[in-house]
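Residue numbering begins at 1 within each chain, and the chains themselves are lettered A, B, C and D in the order written.
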Amino acid sequence: MQRIGVLTSGGDCPGLNAAIRAIVRSAIALGWSVTGIRHGYEGLLRGEVVPLDAAAVSGIINRGGTMLHTARSSEFETSEGMKRAAAALDQLGLAGLLVLGGNGSLRGAWELSKLARTPIVGIPKSIDNDVGGTDCAIGFDTAVNTVLEAIDRIRDTATSHDRLFLVEVMGRKNGYLALAAGLAAGAEEVLVPEVPTDLDAVCRRLEEGKRRGKRSSIIVVAEGDDAGGAFAIAEAIAKRVSGYEIRVSVLGHQQRGGAPTAFDRLLASRLGAAAVNVLKGGQRGKMIGLIHDEVVVSDLERAWREMPRFRPELVTLASVLAS
Amino acid sequence: MQRIGVLTSGGDCPGLNAAIRAIVRSAIALGWSVTGIRHGYEGLLRGEVVPLDAAAVSGIINRGGTMLHTARSSEFETSEGMKRAAAALDQLGLAGLLVLGGNGSLRGAWELSKLARTPIVGIPKSIDNDVGGTDCAIGFDTAVNTVLEAIDRIRDTATSHDRLFLVEVMGRKNGYLALAAGLAAGAEEVLVPEVPTDLDAVCRRLEEGKRRGKRSSIIVVAEGDDAGGAFAIAEAIAKRVSGYEIRVSVLGHQQRGGAPTAFDRLLASRLGAAAVNVLKGGQRGKMIGLIHDEVVVSDLERAWREMPRFRPELVTLASVLAS
Amino acid sequence: MQRIGVLTSGGDCPGLNAAIRAIVRSAIALGWSVTGIRHGYEGLLRGEVVPLDAAAVSGIINRGGTMLHTARSSEFETSEGMKRAAAALDQLGLAGLLVLGGNGSLRGAWELSKLARTPIVGIPKSIDNDVGGTDCAIGFDTAVNTVLEAIDRIRDTATSHDRLFLVEVMGRKNGYLALAAGLAAGAEEVLVPEVPTDLDAVCRRLEEGKRRGKRSSIIVVAEGDDAGGAFAIAEAIAKRVSGYEIRVSVLGHQQRGGAPTAFDRLLASRLGAAAVNVLKGGQRGKMIGLIHDEVVVSDLERAWREMPRFRPELVTLASVLAS
Amino acid sequence: MQRIGVLTSGGDCPGLNAAIRAIVRSAIALGWSVTGIRHGYEGLLRGEVVPLDAAAVSGIINRGGTMLHTARSSEFETSEGMKRAAAALDQLGLAGLLVLGGNGSLRGAWELSKLARTPIVGIPKSIDNDVGGTDCAIGFDTAVNTVLEAIDRIRDTATSHDRLFLVEVMGRKNGYLALAAGLAAGAEEVLVPEVPTDLDAVCRRLEEGKRRGKRSSIIVVAEGDDAGGAFAIAEAIAKRVSGYEIRVSVLGHQQRGGAPTAFDRLLASRLGAAAVNVLKGGQRGKMIGLIHDEVVVSDLERAWREMPRFRPELVTLASVLAS
């Protein structure tokens, strides 16, 4: 009987538990057993392991967060720490390790994979959707819907008070989350790092909107937008456009939590089950993804070398449809 | 045939549309017609009126915000403006005016009532629940559930990362919303203006929790707490307690929006219908409330002279139950 | 150190876990320990006990169902079985037993209380709200919101297709759930056991609605309505009114599940904590309730001898407001 | 200035309003105007038209159903009616007609397209996802999540009572909805028309589950499963397996309603905007779809000649993961 390990690394997101469940149950179906490593790479270094049987993952498919917990590890980021982690991993005597992580954590998995004998396979998760090798990372769809629900609520009060709202959404380096939620919410503007933000043009459109009788507006801002965060942009707009009462809302950490959507549970279930199969096939240094509804195995490097396609034309579409 | 008016004043909240629907449909059942005044007292001063027939309030019972919009009016707050408003109101020739508002707006209604010939009746709404003469104001129950949902999500990520979260909730002068949501969310601490916040005691309990193995905690803070907002408290705690990774989340304006809960729709429907009846009975300067499930008519002063009972023992209960 | 027991009996509902959590944590705060009895009275007879410490009730406040499971027990309903249950209970050596149940289960608790030495205190739960001694039973508020959400969805399709929908809601002997959800949903008609259903009048109002241009309607039917269930009433209406495309939807068991609302979590937390205090005070054969926001201790008989007030005038109000 | 038309046909679903909004706003951006045709082909025959300007589609992106209403038309299904419809359409003098429909309605559009001079372009919508030429039809994602939420609730009560639940889901000819929702819900079995249902095998797995200590189970049944509906299957299982308390829940029409998810709003917005562009390009008899995140224009026949790929291996995966 083989034993494999699983850990979750980096920021948590909805769907991790569904993936852990799929890994455990798929492994058991092969006659294998599963060891959970708590607190990500930090826990690997500290030897925090816990056995995961079928009952341990019962009733978790619909729960946000990660039952294995996660943590940042500064030691793991040093070459010394990485070596220690490789040794610690090999000492566990696992037939393979599955790492649920974003592009940074999967890069860590790749480097670890070069030092350790234990085969490692990565599974992409990220509410920012910034992982290559898959159309969509686990957690993104739920986060989009969570943000959307918050903006729908803010829209109620924006309309009632004839206000201009700037809603800041997670996304330091990219605007997938802001774009998807903003377009779905019918936001007047979506400001993202991928498209240089022209505040003059934004203000011009706000003025035009006012002339057409628009009294309230929603601007969705990815936190890493080049024009600054929502507060800075609000100030800049206030200086240029009059007649709007402006409010700012920073959505914060609620974007990471909540019960996963159907899409995320399906994605996590399929990727988790497929990752076990990759280990079974004897592969290492790989990642698993879903591309056009097919499970695809890629080299781990793809996770951070290739981003999902960003569609700047949808930024424009958002403004057109909100006119 | 009589004609009555209705306006919404102050911050918007879920359930206002359900109340407007109830008012319009109840008036029509009496053979009356209804005039909506847009943008609260400001709209009254500007003469922004719109006829409301049965169809106009169709499909709004489940929608957040207020179809009549609302606004702050600085003019209305002057004695000159108040007189102008009274004159404007009387000129509309209404058999009565229904004002949906919080304690400030109902106080405005009371002063207006002393100057105008038109009878005025108030209906309490407030996500802070700070209106007397009723057990519960329209909008409170929905806001509690919205905050609760956000905290449930934050709990997922707090637990996964073993973090201490401070969640700031609306409530400048009182902590009803923070207390109800915090207790329902299983928060470890609820900090409210009504109870002097002893940060030393909070930190002591956090330390004890850590000793018992607690790794994550949620502290819900009403924005008007005497120890400061969530950011200030986070800083103060960081100086006294070590070993917790602290994060802050300010929930913001989403707390005002969203589809009303069943409770708020029922409350709004009953109060709206009852308020029309009060006008029919020829009363003026009154407010309507629901006290122990009975419709109760009170003098308007009750709205700001008497607050719903705050239960400090529930603040303690929250900590006990989270241990 | 004292040890107390807790069991859940009858149909499950949201909020039971929040109550169990409150009981366990309140008992621990008194220095007591808690034994959970699984599967209600059946489990009591079979000796299915499980220790409940603070960690056992962690993370359950927001979960539907009951972690202690529940079951019907035909043996318990016999006088022989009742005696056996009393003996089994006394043998557990508990300082008291808390029973979470509806009016039937609390009646069982009362009879058991007469035979057993162990003091018993009841806590009311029921999605039908048919328990005396409290304004509201645990689970009702969540069930109303669940039904409401389903009707909101059905309304979308009813309107789009210009259809008449009959929605059957739980409630064999009473119509609290149907009335609250129907009024909140803006249903055109609410048919409940408490008010004799006059199908001719219903059809007359449907005809009038059609003449006024109404193309779609929602009729909410409590399953125990005197005119029959939703299918029977649909047939009867189809014979009398033409021009409506009629559809039936029976909401079923989803009405029992889901995360509890803020109200139910608060209610369950307060009643659970208060019930522990009643045991501490040495009382027996009592039930706990919340009446006008005050915790009230009553004799257990009150649970089934007195129903919460039903307001037939709200049935009429629903039709008036939907016109 | 050009004028185009839009109609919604067949069963309603979430996302139709988002598509209508995208069509209207995109057309206006081109300097065109839009005519809405109410009640689908039936309304086309009856000449039920309504102008749609930018304001008419304001505030509808998040609303279920279709603001244009929909209807079945028996006349349209005759060759005589089809001719009349073509004449009626041409008489409207539109530069093009956009039809939002499932595979049947798009087939109707194709036949109409052969008789009418007016160019027609189809947009796929279906909660059953049974439309070719697109990876996903509008409405499917929301329906999956709605069903999932209902099953999550039913799971609470199934577990609490140790029951076996059969949940019947829409899908007369296919099991996309049942499969996606069942896998996401962690259902023990998913029974769909695409895979012959072996009740003996199902019962064998239920028995095995019982031996492993499983006390409750969820079986999701597509209404068109070859073994019958949920009630028939429940009866068949009851005869073969003992020791399970069996309950049936038919989810019904709520599956069609509700606010669209982010995915459906994005999909609808992109397809609506793209369809206007197809008309602008002078094409006719086409449909628009989203294939691997790219907008794809196909001949209308593709809508019913090619189904999205069904993955029977996911049916097996559901059972493996639920073990």
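Going forward, a contact is a pair of C-beta atoms (placed from the backbone, for glycine too) under 8 Å apart; a residue touches a chain by one contact, two chains touch by 3 or more.
Only a predicted model underlies this, so the values are computations on that prediction, with no experimental measurement involved.
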{"item": "Neighbouring chains common to chain C and chain D, by label", "value": "none"}
{"item": "Centroid comparison with chain D (C-alpha atoms), farthest chain", "value": "B"}
{"item": "Chain centre separation in whole Å, for chain C relative to chain B (CA means)", "value": "28"}
{"item": "For chain B paired with chain D, centre-to-centre distance based on mean C-alpha positions, whole Å", "value": "39"}
{"item": "Residues of chain C whose C-beta touches two or more other chains", "value": "152, 159"}
{"item": "Interchain contacts (touch definition) - all pairs", "value": "A-B, A-D, B-C, C-D"}
{"item": "Chain B-facing residues of chain C, complex", "value": "21-22, 25-26, 28-29, 54, 59, 61-62, 135, 141, 144-145, 148, 152, 159, 180-181, 183-186, 259, 261-263, 265-266, 269-270, 273, 291-293, 309, 311, 314, 317, 320-323"}
{"item": "Residue ranges of chain C in contact with chain D within the complex", "value": "8, 11-12, 14, 16, 39, 63-66, 69-71, 146, 150, 152-162, 165, 247-258"}
